[in-house]
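Each structure below is given as structure tokens.
In the two complexes below, chain A is the common chain; its partner is chain B in one and chain C in the other.
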Partner chain A sequence: MTPGFIAQALAFTRRDLLRERRSGEVVWVTLPFGAVALLLIPIAIGTDTPTLRRVGVGMFWVVVMLFGVLIAVRRTSADSVAQRDMVALTGADPAASFKGAAVANFMLLVLFEVVLGVLTVVLYDVDLAGWLWIPLILVLVAAGLSLLGTLAAGIVSTGRSAAALVPLIVAPMSVPLLIAATQSFEGLRLGESILTWILMLIVIVLVLSIAGVLTARPLQETG
Partner chain B sequence: MVNHRRYPDAVSEPTAIVSLSGVAVRAGAVPILRDIDLEVHRGEAVGLFGSNGAGKTTLLRLIATLTRPSAGHGSVFGADLGGPERFDVRKQIGYIGHTPGWYPELTLAENLGFLADVMGCDRARVDSSLAAVGLSGAKDRRADRCSHGMQRRAEFAKVLMTEPELLLLDEPHSALDADAILLVDDLVRRTAARGGASVLVSHDRERVNALADRTFVIAAGTLQ
Partner chain C sequence: MTTAQSPSDTAQSSIWPWIAMSVAGLITLVASFVAPADAVQEELSRILYVHVPAAWLAYVSFGVTMLASALYLWKKNLLWDRIAASSAEVGVLFTGMTLVIGMIWGKSTWGVWWTWDARLTLTAIMFFVYLGYLALRRTTDDLEARARRSAILGVLAVIQLPLVHFSVVWWRGLHQTPSLLKPASVDMDTPMVLTLLIAVAMFSVMYVAMMVKLVELAKLEEEVILMDQSDLGPVAGAAVVAPSLGGDS
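On to the complex of A and B.
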């Protein structure tokens, strides 16, 4: 009997997390690079504490956006034609494949955010006002980035020339995420309501989620 | 057509599993396949020969629903090769191409386990299928640490686990030792015996002639 959508998606999530556990690409390559980027910025702009405190949150989000999309794109687009054929011939729902891959990317991105977040607090002495909201913001941004990266990876897999389109797709879509994330933290620092920004993040996640599901089959068949 | 024979114990029905009529496949402006007419019936094995670049692999990918026809009409299990219904029959197709599609970081058992989970096969069949192809001792070895021959064997374990009704084999005897070659032949015979069908692409005419009911030569994209 063919498993349901959720069982299929979970199988794809398990596959991707197992592959990451074995390759360690995120934990041993991308994460250290992200940490190095956060370490280099104070060296470049000076170690003046008020300056670092002011730019810390922004720097954290820029690094998360750049490396985060890279995590999602690289993990999903690296599959060979033979691997994609094998998955297509399982008869699995491509939307389940998309969701499963996005969930695995989401879990890796949350780990990435948490480790770099701790490093940012230590290096930049960031103000953690309204810290109760921070987990929600991190989760929503990770969800948005994972969906965006997985969708971009699906486009990359349609052909070599399609890889050139990825920055054009990712850049405009990640700008609203970056704005909502940084403005949420700014709102928390100033003690203002951040509900508008939270809603914006939720809408972005929903839009990307629907786009990913709707394009999963056409992208699988074009690849 | 060179040769014709049918497996007498096949649970065959008169219906064709594969039916191609005037099918053409183009890559941009370049014709790869032209005016292909072919029927593959339940209980039979069909062999395809041809030189490199003749279109053999494209024909297999077409039958596997991985490539769409540019012209003509084709169906597999009654599903139009150009329509969305072809997605529903994919589970019944076992396609073994030139390159194994295993995930290199996963062990052979984990690769098969993933397929079992996605396709709804019994997980217990992972071990028994690997044992049947002589890979019990290598089931916990990462795919990228297995030889090409072992990876090919594992593909036959996949076929044993999923029991597809239509077997599409691209150079199935290459990179295999004598035992594994017998395994391939047995798989083709068993598929035919339970009412399925096989299409084999090969350069090994002698072996495929002994195995197939009908054989064709494909040259410059046409079937002869």
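On to the complex of A and C.
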């Protein structure tokens, strides 16, 4: 009996998280890489606290967008054609595969955001006004970025220069996410309503979610 | 025995697209200089007759890429893939042109080559999104896989167009709001509007001419890829011939 959609998606999530536990690529490579970037920025732009406090949130989001993409690329380089063919032969739903991978990427991205977020607060002394909203913003951005990255990784698949091409596709297309994330924090700092930006993030997540499910089968058929 | 057909045998090259492009370019240039100079910006305003048509045709190009990509996903006909890719190439060219000409105008008017205006920034981002689309097409020689993957990106990437066009309305910046493409009345003098429309028409001619050549080129490129794939090369050991008596020695 074929397992249902959710069971299949969970199996793919478990596979990706298990692979991460064995390789430690996100925890031991991408995360420290992002942390190093946060350390390098003040050396380049100046180490005075008022400047760092002003640019801290923006730098955090730039590092999340650029380095978070590497979490989606990780899957591209790990999935060989043979592995993909094997999964296709099992009769698994490609949409479940997309969702499962996106959920695994989402969980790793939330971890990435939380660790780097704490580091940003410590290093840049950023203002945490309206902190109750911050978990929701982090979760929505992680969801958007993981869906976008998983979709781009599926489109690029196992072609030549795939690992380099995914960031080129994801980085410019993540601009709406970056705008919504930074503007939400700016709104919190100024004590304004951020509902418009939260709504924008929700719409982005929904659109990417639908696009990923709809394109999963055509992408699987391309091999 | 049949001989392999070279791509050049199937080429349907003609000279008319080149003539059309040259004539259209010349008319745009002449019209730009015949049009009256702006009261405030004077001669610099003539840049408008290249900058605006280039930007509009970039929108058209990416719109065609989206439509042709959707049609490929529906019909699975490689012709639509060729049209989508060719249109994206022209769009990238026109977007690059828009950016460079805009920067020249910006340096003379604003005093800087680049300003962090929403329209400028989003146009640059759109340029890189479609560069990514063109880069994606180079990652595989499997024509079907290439067409399907780039068609999906071609459909998704179109979200950039409304962002770029309405950026001047949604965010306050240095770039002026639309002069023609807006619901309210046109706030330009008639000779200038006419020159601009002539320039847009000529850029459209250039777009069609370039598309004809690029779609033709894309077909030839596919033939080369298929020839490369069918040419397996000599079989190992083919150089060894059977021994025979009465050689030339």
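One rule holds for everything that comes next: the second predicted complex is superposed on the first by the 210 of 223 C-alpha atoms of A that agree within 3 Å, B and C clash if a C-alpha of one lies under 4 Å from a C-alpha of the other, contacts with A are read in each partner's own complex, and residues count from 1 in each chain.
In this section, a residue touches a chain if its C-beta (ideal position, glycine included) is under 8 Å from a C-beta of that chain, and two chains touch if they have at least 3 such contacts.
What you see is a predicted model; the values in this text were computed from it and never measured.
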*Check whether A:M86 is in contact with chain B, with chain C, with both or with neither, and answer first, second, both or neither.*
first
*Looking at the overlay, what does A:L168 touch: chain B (first), chain C (second), both, or neither?*
second
*First (chain B), second (chain C), both or neither: which does A:P3 touch?*
first
*May I ask you to decide whether A:A11 touches chain B, chain C, both, or neither, giving the answer as first, second, both or neither?*
first
*asked:* Looking at A:S157, would you say it contacts chain B, chain C, both, or neither? Reply first, second, both or neither.
replied: second
*Does the superposition put A:S23 against chain B (first), chain C (second), both, or neither?*
first
*In their complex, what parts of chain B are in touch with chain A?*
64-66, 87-91, 93-95, 97-103, 105-106, 110, 114-115, 117-120, 142
*What residues of chain C sit close enough to touch chain A in their complex?*
73, 122, 125-126, 128-129, 131-132, 135-136, 138-140, 142, 144-145, 148-149, 152-153, 156-157, 163
*Tell me, which parts of chain A touch chain B in their complex?*
1-3, 7-8, 10-12, 14-15, 18-19, 22-23, 80-92, 217
*Which chain A residues qualify as touching chain C in the complex?*
151, 155-157, 159-162, 165, 168-169, 171-173, 175-176, 211, 215, 218-219, 221-223
